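First subunit A sits with subunit B, and in the next complex the same chain sits with subunit C.
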Partner chain A sequence: MSGAVISAGPGAAAPQAGGTDRSPLPIQVWAMAGRSVIRLIRQPALVVPSVIFPLFLLGVNAGGLNAATNIPGFPTDSYLTFAIGFTFIQAAIFSTMGAGQSLAQDIENGFFSRLVLTPMRPSALMAGQLAGLILMGQFQALLYLAVGLVAGADFAAGVGGYFVLAALVSVISIGFGGIGLIMAIRTGSGEAVQGMFPLMFVLLFFSSMTLPRNLIEQDWYRFLATINPVSYLIEAIRSLFITGWDGEALALGFGIAGVVAVLSIALAARSLKGRMLK
Partner chain B sequence: MNDSGQNMYFSAARAVAWRYLHNLYSKPAVFIPGLVFPLFFLAAFAGGLSAVGDTPRFDYYDFTAFQFGFILIQASSLAGVFVGFSIAADFEQGMGRRLMLATSRRSAILLGYAAGAALRLIVVWVIITGVSLLAGMEVRGNGYDLAGMYMLGLLSNVVALLFSAGIAFRFRSLQAGPLMQMPVFIALFLAPVYVPQDLLTGWIEPVARVNPVTALLNGARSLMAGEPTGILLAYGVAAGMIALLGIWALRGLRKAEMAG
Partner chain C sequence: MGQGARKAQPNGIEVEGLVREFKNGPRAVDGIDLTVEPGEIYGFLGPNGAGKSTTVHMLTTLLPPTAGSARVAGLDVATQGAEVRKMIGAALQEAALDPNLTGREHMKLQTALHGLPKAQRARRGDELIERVGLSDAADRRVGGYSGGMKRRLDLALALVHGPRVLFLDEPTTGLDPQSRASLWAEVTRLSVEDGVTVFLTTQYLEEADQLANRVGIIDAGRIAAEGTPAALKAEIGRPSVEVLPVDPARRPEAEEILLRFGTAVPASGEALSVRLNDGIEVLAAIVRSFDSAGIELASLGLNEPTLDDVFLAKTGRHLEGAGEADSGEMPLPEAEPAGAA
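Now for the complex of A and B:
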C-alpha cells in the first residue's frame, strides 16, 4: 500500500512543476484513506467491540433507568430516546482509540519511518487516517439510528435530522480522532494510546449522559457536567431525537465539536511535523 | 497429605501470595486501576444519578448505600479478574513455569493467588467504604449484617478469580485479558445496577432475574439496609458458582501443567 503513496496511481507518476516527484495531494489522501479503510475492515477485532459495546450499554441503561422518566421535568417518557444520543458519542470516543492505535502501530512497526522517506505530505497521512474514522462514524450512526428506531426510540427531527446527525458525527469523529492522533504521534506507543481510555471514560461519565443537567441533584456533579464539553455534544444529538430542531443545542454541539476538531488537528499536524523531523 | 506435606503446601501458597502482593504494591500502575475504577463508578452513579432515588416505587432507604452494594460486588469481582491478569503475565514471562517446577501440588499456586487477592481486597474495601461514608452514606445494617455483606463481596471475588484463573491457565497470555474481563463486566451490568429489580423494564428484566449476580447484589443491599432477604439464595448461588468454577480453574491448571 505504501507503494501507492509514492508512485502508483493515475497522475502520480507525472512530476510536478516544482521539479519534485511528489504526487498530487488528493491521490496521496486517497491512497492513505484506502489503506485506513481496508485496515479497518480487515481487523474486525478492533471494529466489533467499538460498535457492540455502546449498543450493550444503551440496552442496559434503557432497561435499567427507564424509571428515571418518572422524575418530574424529565424531557421524554422513553429513556431509550433520551439515552441514544450518548451512544453516538461513546462510539466516537471508542473510535478515537482506534485511530490512535493504528497510527501508533505504524510508528512501532517502522511503517511510519518508511513513509517519511517518501514525498508524502503530512496532511495526507492525517487525512487518510481520519477518513477511515469518518467512514466508521457514518456506519455507526446509521446502525445506531436503525437499532434505536426498531427498539422504539423517537427521532423527532425526521429525515432531515439524519443528515444533521451524520454531519455532527463526522465533525465529532474528526475532533476525537485528532486527539487519538496527537497521542499516537507524541508517544509512538499503542499502550500509551490505550492508557487514554480511562480519561475518555471519565469525560463520558461526568457529563449529562444519564440525566439532564437540570435534574442532577448533586451540585458538584452538575458543575462538572456543565463544564464538560462532552455534555453539549450529547445534548446536541439528543435534541434531534427528543425536541426535533433545537437551534441552541445544535449550535453549541457543532461549535464545540468544530473547536475540538480544529484544535486537535492543528496540534496533531504540529506534532507530526516534529515526529517527521526526528 | 502428612503434616510435612501440608506445611510445604501452605508454605508454597504463602510464598505465591506474598509475591503477588509484593509485585502489586511495588507497581502502582497495576494496583491503582483496580482501585480507581470502582471509586469512579461510585462517584458517577451515586453522584450523577441520585435523583433516580426519588422516583416512585424506589423503596431503598439511601441511594448512595444502594449504589455501594453494586460497587462492593463490582470492586470485589474486578479484583478477582485482575489476579487472572497477574497469572497470565507470570506465565508469559516464564514465572508460571518456574512456580510449577517449585511446587509438587500445583493447586497451592491457585490458593496462593486467591489468598493474595483476598488480602488485596481488604485495602480496596477500606477505601471504597471510607469514601462512601465521607459522601454521606447511611448504614443501617448491624455488625453481623455488614460482615455478611463483605463475605458476599469476598465470595464474588473468589468466583471472578476462579473464572479468570481458568482462562489465564489455558491461554497463558495477557492477550486473553478481554476474555477474562468482558464476561464479568457484562454479567455485572446485566444485574439491577441503577434501580431495584422491580423497577427494571424491557429485555433486561428477565435477564436480570436469571443472572446469578442479581442474587449477590440483592443480598448485599438487603444486608446493608439491615433487612436481610434472599441471603440463603445469595450464598447458595455463590457456593454453586465457586464449585463449578473451581473445577474450571483446576482443569485449567492441569492444562497448564501438561503444556509444560
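Now for the complex of A and C:
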C-alpha cells in the first residue's frame, strides 16, 4: 500500500463529505445488470451444464421416443419437433437455480451487506439479478432453435415466431428467476436454493413434456399434467414449432408465465424489502 | 459514557444501553454505553465472540438493536437508517467482494450505486485504487487477490462516497506487518487530515494501543473499561522491573536490592521482578545499586503495564492472542500473488 493519503472527504475527485445523493434507478439497474452479466460470462462452469444438459436430454428423447409419433392423433411426425419445446423450459428452470444461487452467494459472502449499505433500491438489485438470467435465456433460445433446425425440427411460426419465442422465454425466465430469488432472500443459503431442484423436476415430469395431454392414458397423470402450469408453458412454445400461430396456446403460455412472473417478483420484492433496511 | 441527553456531535457516535439478543442465543451485546468524538479513532478491543462485530452491525444499521439507542453522525440507527448509511463507510470483518469482478469493476459499481456523477466515477475509482496500492492489480479478478489486497480494496470501496464516519471491523486480521503498518498510517491520516471518525474493532492489543485515541474494552457483550490507552494502563498499576543476574549464585543479593524498590511479582524463568513502589524515575537508582554491589546483570527490563494487563485486571483473564501482539509478532503473513502492489 502506498503511503499516500486516501481522501475520504472532499478532494480532487472525492464527493462532498457526508455521502452522496441516491443515483437514479436506471443507473442503478444498469450497474447491477452489468455486474450480473459479467458474473454469468465469467462462470462457464455454471453456465455450460445448464445449456448442454437440456440438449442432451432432447437428443435422448428424440432418439428413443420417435415411435410415439405413430400414435394416432400425435400432432407431428417428428418427435424432435414435438420435444424441443420442453428443452426451453428445462433450461429456464436450470437458470432459475443460477439466479437464486447467485444471490444466496452474495448473502453468504457479505457482498449483499455491501450493497445494502449503498443507497441502492431493492428493485435495482432484483432487476440486476434478472438481467443475466434474461440474457442467458435469449442465448439458450437462439442456440436451441439453431440446433433444432439443423437436426431437422420444423419451426412452423417462421422468422416472426422467433421473436415471440424470445419474448416468451424472457417472461418464463423472469417468473422462474423470481422463484429462485425468493428462496435465496428468505433462506440466504445456496444449498436451500439447490434444494428446490427436485421440486422443479417434479413439475417438469408431471407435465405434457413427453406426450400431448389428450394422449396420456393414465387419468391421474393426465389430471396432474392438466393442472400443472408448466404444461401450458411447454405447449405454447411447442405450438410455435408445430402449429405456427396458435392464439389459444400462446395466450395461455404468456398468461401463465406472466402471472408467475408478477407473483414471484412481487413476493421476491416483499422479501427483499424485509431483508434490506429501512 | 452514558452521556444522558447530550446531543451527539455531527459525525460522532453516541451509544446508550445498546443490547442485541439473538433468538435462542446469547445476549451478544449486553447494554453498552460509549461515546466517540468527531474525528477520533476509537478502538473497540476484545476477544473473539465478545460482541465487537455485533456492535458494528448495529451501528452500521445492518442489525436492529434489541434495546437501547445509538446515534451515528447525529442520526438514530434504528429510525434513520437510510440517512445513517449515507454518512458512513464500512469495511466489515470478511471483505465483502465479488470474486468474479475485478477491482476496477467493483469501484465502478460502487461509485454508480452511490450516485457519483458519471464524469467523476472513473476518476474517483482510479484515485482510490491507486491510493490503496492496487493499480497493478485493478484489472484482475478479485478471486485471485490475497487477503491483504482484498482488505485494501474493501477499504477503498468504503471511502467511495466520502463518509464522515468509518467502521473498520478487524481490518488488519490476516495482514502482513507491512500492509498492517500502511493501513494504520492511512487510518490515522483519514482521522487527522480528513476529520473522519473511525470506529475500529480489533483483537490486537498493539493495534489498539498505537492507533486508537481511546479504547473501549469489551468482554462478553459488556464494556469492561474505556479510556485512552495511557490512562487505562495507568489506572491498573505501576511499571515493573525484571533483572537476570549473570551469576545465579548472586540471585539472593539481587533480590534483596530489588525489594528495596518494590514488591515481588512473578517473573519469567530465572529472572527476578518487582513492581516499583514509585515511577520509572527510580530505574537509575536500581542500576547504580547493582553496580555498587558488583552484581553483573545479563538483562534488565522495564515492563510498562499493557492493555492485556488492563484486560486481566478488569475481566480476570488474558485477552486471546495478547501474547502474539505483545511480543511484536504478527499473525502469519500472507503471500501476495505476483503482480500485487
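Assume the second predicted complex is superposed on the first by the 256 of 278 C-alpha atoms of A that agree within 3 Å, B and C clash if a C-alpha of one lies under 4 Å from a C-alpha of the other, contacts with A are read in each partner's own complex, and residues count from 1 in each chain.
Convention: contacts are C-beta pairs under 8 Å (C-beta built on N, C-alpha and C of every residue); 3 or more make two chains touch, one makes a residue touch a chain.
Computed from a predicted structure; not experimentally measured.
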{"item": "Contacts of A:210 with subunit B and subunit C, given as first, second, both or neither", "value": "first"}
{"item": "Partner, of subunit C and subunit B, that touches more residues belonging to subunit A", "value": "C"}
{"item": "Touched partner set for A:99, first subunit B, second subunit C, both or neither", "value": "neither"}
{"item": "First, second, both or neither for A:71, with subunit B first and subunit C second", "value": "first"}
{"item": "Residues of subunit A at both interfaces, subunit B in one complex, subunit C in the other", "value": "none"}
{"item": "Residues of subunit C defined as touching subunit A within the complex", "value": "11, 60-62, 73, 81-82, 85-90, 92, 94-98, 100-101, 105, 108-110, 112-116, 120, 123-124, 127-128, 130-133, 141, 152, 155-157, 159-164, 166, 179, 182-183, 185-186, 189-190, 193-196, 341"}
{"item": "Touch list for subunit B against partner subunit A, complex", "value": "33, 36-37, 40-41, 43-44, 47-52, 54-58, 178, 186, 189-190, 192-195, 199-205"}
{"item": "Subunit C partner contacts - residues on subunit A that touch it in the complex", "value": "1-24, 27-28, 30-32, 34-35, 38-39, 42-43, 106, 109-120, 124, 277-278"}
{"item": "In the complex, subunit A residues that touch subunit B", "value": "49, 56-57, 59-68, 70-71, 198, 201-202, 205-206, 210-211, 215-218, 220-221, 225"}
